[in-house]
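See structure below.
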Amino acid sequence: MAELGFIQAINQAIEEEMRRDPSVIVLGEDVRAIGAPLGEFKGLYDKFGADRVIDTPISETAIMGAAIGAAATGLRPIANIMYANFLGVCGDEMVNQLTQMRYMGGGEVKVPVTIMSYSGAGTRHAAQHSRNLYGWLMNITGLKIIAPSTPYDAKGLLKSALRENNPTIFLYHTALIKRGIKSEVPAEEYTIPLGKADIKREGKDVTVVAMALTVHEALAAANTLQEKGISIEVVDPRTLVPLDKETIINSVKKTGRLIVFDEEPKTGSAAAEIAAIVADEAFDYLDAPIKRVCAPDTPVPYSPVLEDFWIPDQKDLIEAVTELV
Amino acid sequence: MAELGFIQAINQAIEEEMRRDPSVIVLGEDVRAIGAPLGEFKGLYDKFGADRVIDTPISETAIMGAAIGAAATGLRPIANIMYANFLGVCGDEMVNQLTQMRYMGGGEVKVPVTIMSYSGAGTRHAAQHSRNLYGWLMNITGLKIIAPSTPYDAKGLLKSALRENNPTIFLYHTALIKRGIKSEVPAEEYTIPLGKADIKREGKDVTVVAMALTVHEALAAANTLQEKGISIEVVDPRTLVPLDKETIINSVKKTGRLIVFDEEPKTGSAAAEIAAIVADEAFDYLDAPIKRVCAPDTPVPYSPVLEDFWIPDQKDLIEAVTELV
Amino acid sequence: MTIGTIDRELALPLKIEKLEDLYRTMLRIRVFEERVLKEFGRGKIPCHAHLYIGQEAIATGACAALRADDYIISNHRGHGHLIAKGGKTDRMMAELFGKKTGYCKGKGGSMHCADVKLGILGANGIVGAGITIAGGAALTAKVKKTGQVCLCFFGDGASNTSRFHEGINFASVLKLPVVYILENNQYAISVPIKYAANITNLADRAAAYGIPGKTIDGNDVLGVYEAVKEAVARARRGEGPSIIEGKTYRWAGHYTSDPQNYVSKETIEQWKTKDPLPRFKGFLMENAVLSEEQIESIHQEIADEIESAVKFADDSPFPAPEETLEDVYA
Amino acid sequence: MTIGTIDRELALPLKIEKLEDLYRTMLRIRVFEERVLKEFGRGKIPCHAHLYIGQEAIATGACAALRADDYIISNHRGHGHLIAKGGKTDRMMAELFGKKTGYCKGKGGSMHCADVKLGILGANGIVGAGITIAGGAALTAKVKKTGQVCLCFFGDGASNTSRFHEGINFASVLKLPVVYILENNQYAISVPIKYAANITNLADRAAAYGIPGKTIDGNDVLGVYEAVKEAVARARRGEGPSIIEGKTYRWAGHYTSDPQNYVSKETIEQWKTKDPLPRFKGFLMENAVLSEEQIESIHQEIADEIESAVKFADDSPFPAPEETLEDVYA
């Protein structure tokens, strides 16, 4: 088993899937010479050539539109939209085309596009490069949303995405890359199914649902809380759509308490959806209000002092847990 | 008092505000010759001239971008983006520009843009012309969201929006226009503050939070339910951001039961946010699970048979209420 | 560009059947659309539709230049494109009626008809959106080396949208086999193109991408055929995209309930004198390609076809309500 | 377009102070950017920035053609634009350091600096996004009849984005007073413009909107000044927008940590021979506008200014964490 970071794990996943299936192609800015800003596409141009690793002009609507058209006619494009914040540029492709084409046509076409975007705060990139946009994406019906917290998960989930017959978005968190998070990644091939949560730590007092960055903050908090005698269970859904309700609800049945720990402004967040599901389907098991530990309802600020305040972190979680139990 | 429909009430609101404040202008497709498809801008070109009622090419990014630039330099533009479904075309303006410009610049500029868009299902316009996109809009931090259920509310809220120093979106529901919904609208000037819910019907057994179309379905259901001896309270938040949590929570304190009745796919909906707030802040008053009566997680279909099934309506609400009490 | 005449030279190399087919296709579109207007009026079609009446020569001439396996991307005014590419009028009518037998099983309606087996990748309710999608279909053809070409239909209004620029630049950079058919029917709803763009010939925008652009008479079916044939050949040779702008007019207004108050009566009447159908019929008769009787029989054939399309639509069942839940994911 | 010489005729009508100021501004930008690189290396600036080194002549020449109350819209490579429009280097440096005294109180950083009182409507982290916003500022000027003009800076990469097309078409239709300054520095991150567009001179795209487009040497500050002056005058007369493309190069790569492996050493060296600063300095000295000593003293003045800008930034406090919650709504 090798210790890999996100970039390497992602690069491996893409290379393996491109070898496995000649219909997988890459469309994006800077994928050729520098393998996209952080190197996740590095080497692929040399290995697979100009027809399969395609540098594009700065044209997110063209990238996404072309990915849709290519997918509908038999390819499996990766549409690299550098940052999730840029998804608005091809917002119509997201809302009206990619996710509706199959349905509108009565199910005749498949649209197996995998979008790949950096997401998340913590790298001092300010408001236009730091959003996860989970809630925004969840409200777009028809898109499967992947938000891995470890390189191991990233690789297995991305490989599944590339075999999916439906639109998927794979969000990889820049702060986790910057922190140098690594996983043991086996040499043998593996995939992780979309829609299967992973319990990153077992516990009995409070269920904490966390994704990507907040998983790591939750795990750190868990240690501190353990010392105070509080045991939290960290559930990482790994995909927001489809959402593994069952695992979340089973955990709540056990703990009786839920905190959703989500790095985005609270209003309209993924945390809202998860809270709403539990408030409906596991109401009888709840012993306390459902809490959301989210970012404030503001854009992401630049200054480290402000950004660190903005990001919901272990301190915020510890506070919320302590109040709840 | 005159009986007005939505289009007339909206037209009056705009005209009054344009007279009151010379910095209010209109940017949009077809606003000149036909006053936009349904006539809400009718007559304004003749009254205020080409500098203030501006026909544009089919260019939603240019409309929204220009509205932002104009607002930052002293005008109060109405950006008419015909259907809410078209907001993705200017998705970046929504996510990164309009709503973040002020914050990113440290509070130096004001961006008083009012977006006006048709929204909602029920007119057989199919997937690309029928979404409310409430959840999508709520996840865009910094936007005030108005979704009136009556012409009276529409006029008063739109006038407030046009006096706001912040970005607002005014969503007017095409099915309500088609149904010919009318209100008594006083001759005297009035405004309705953003962030103030209206209890459209008092009741004691279940709180039903409803917006735009679902308000009318809820009121119809209320009559039926009354006959069965069940009394529902219909709370119309009127604006989703800011949201009048207080009125909703007070109602739940009284009834002990909440159904959020929201015409959009359930996942990532405004209903999720409202449910999550109540599951946190009014948990102790809840006697039953929080239910969401929403549309299914699919695009909006065309055929009347299918669209009617898609739209959450009084039957669906009655069923949910009946199960709950 | 000449409006009003038809170049005999162009017709000579064509087989009689091909000429006959061009006429039949234009007529099929015309009669279909007139019937849509009527069925809309009768309440059988629950949402207004954007009619192609007056523009028949463009879709017909353009699609005649294609192989059966080539692709087309259509827009909101799509019935003509679909019919020209071989779309079945019965399944189209059924879709407009919201029936289960329609092209989208009632899910899409007028603006979303697609038939991938015929190469029809779909109409689109968002103006301009098809332009980038076309590049994707062409990319598949390029990557898989199939020799297919994608025709992409859109209007004058769409030529002002973001996707026009990104989509065509992208295709020009990658030398994708797309031919953009810009149907300049003078209006985008109520906004005249002479207001919405500062130039006369929109095909001149091709120069911004270093590709050929040509403005032609969109009501001359042979002229359209010839121009598109050349562009398609170029695309198939791997030399990249072209833009062909056909000047034309939409007689019935923007959609089925548009009184067109913003257009002068004269303008409409003037365009009607350029009706592509009688014009081509005159040509066919003058050149003895078809006799009066043969034309008569084509008219009868089409009338029957559309009549039975309506009957098919009428007789077909609506989908079951629960079908709403199907077809989101593959 | 001539690269390498400076036209004496252009300089003659200008006052000596103006010529001196052009040099001072270019130097201020250069020294500021070199210091940003250093402070980034020292960890004082927490995020990489896009440096303007090599392009100083464009912002300087262009903004010299403006009135104080005119607007500019900048992009991600914005420091030079801001300085040329009068932005204060101390508040800019403080913003880069994330300090409370910065232009955005630490909220925006390099890509979002704005100073509305100086007419600086803001940088932008989204490529192309400023192009449509510029039209709005120009619209205000038109509606309020203020005679103001808006300059809009963007790169070769941005000229391929959706907003280029919609924004410029919109401005051309409404004859808005905007001048688009297209800084063609040959690359968009690692993608050369000769790959990303099929044409050589991007200003030729002006023809798509029926407006003037001009390609000039972007490293000749007087040539830029002259071309922009003409376009600004046209805009002020109400005749609408223009595009001016300056060919140039960004020496420091895309951002502060870019090794530029994708560019040959020769290309970079060749562009360095066209450095706008020594070129203009040579001209000033040859024509006895400034003496060696005068130039020396300008260098000292700028060095001092930037030194104290850094000191200001360093000495300034960080914002309080809770300030995160302010400035969302007015």
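For reference, chains read A, B, C and D in written order, and residue numbers begin at 1 within each chain.
Everything that follows uses one rule, which is that a contact is a pair of C-beta atoms (placed from the backbone, for glycine too) under 8 Å apart; a residue touches a chain by one contact, two chains touch by 3 or more.
Everything quoted here is computed from the prediction, not taken from an experiment.
Colleague: Measuring centre to centre, with centres taken as mean CA positions, what chain is farthest from chain B?
Modeller: Most remote chain from chain B, centroid-wise, comes out as D.
Colleague: Report the chain pair from A-D, B-C or B-D that duplicates the A-C interface, where duplication means over half of the contact pairs agree by residue number.
Modeller: Checked against A-C: the matching pair is B-D.
Colleague: Calculate how many whole Å lie between the centre of chain B and the centre of chain C, each centre taken as the average of the chain's C-alpha atoms.
Modeller: About 36 Å, centre to centre.
Colleague: Measuring centre to centre with CA averages, how many angstrom lie between chain C and chain D?
Modeller: Roughly 46 Å separates the two chain centres.
Colleague: What whole-number Å value describes the gap between the mean CA coordinates of chain B and chain D?
Modeller: 41
Colleague: Could you pull out the residues of chain B that touch at least 2 other chains?
Modeller: Touching at least two other chains: 56-57, 59, 61, 85-86, 89, 92-93, 96, 103-104, 126-128, 141-142, 297-299, 301.
Colleague: Show the residues in chain D shared as contacts by 2 or more other chains, in ascending order.
Modeller: Those would be 104, 106-108, 112, 124-126, 160-163, 166, 169, 173, 195-197, 328.
Colleague: Please name which positions on chain D make contact with chain C in the complex.
Modeller: Per the stated touch rule, the residues are 160-166, 169, 172-173, 195-199, 204-205, 207-211.
Colleague: Using the touch definition from the top, list the residues of chain A that touch chain B in their complex.
Modeller: Touching chain B: residues 85-96, 99-100, 103-104, 126-128, 131, 133-142, 241, 243, 264-265, 267-273, 275-276, 278-281, 283-284, 286, 288-292, 297-299, 301 of chain A.
Colleague: Spell out the residues on chain C that touch chain B in their complex, using ranges where they run on.
Modeller: Per the stated touch rule, the residues are 46-47, 98-99, 104, 106-109, 111-112, 124-128, 157-158, 160-162, 188-191, 195-197, 261-262, 318-325, 328.
Colleague: Sort out for me which residues of chain A touch chain C in the complex.
Modeller: 25, 51-52, 54, 56-57, 59-75, 77, 92-93, 96-97, 101-112, 141-142, 165-166
Colleague: Quick one: in the complex, what on chain A touches chain D?
Modeller: Going through chain A, the ones touching chain D are 29-30, 32-34, 37, 55-59, 61, 85-86, 89, 123-129, 296-299, 301-306, 308-310.
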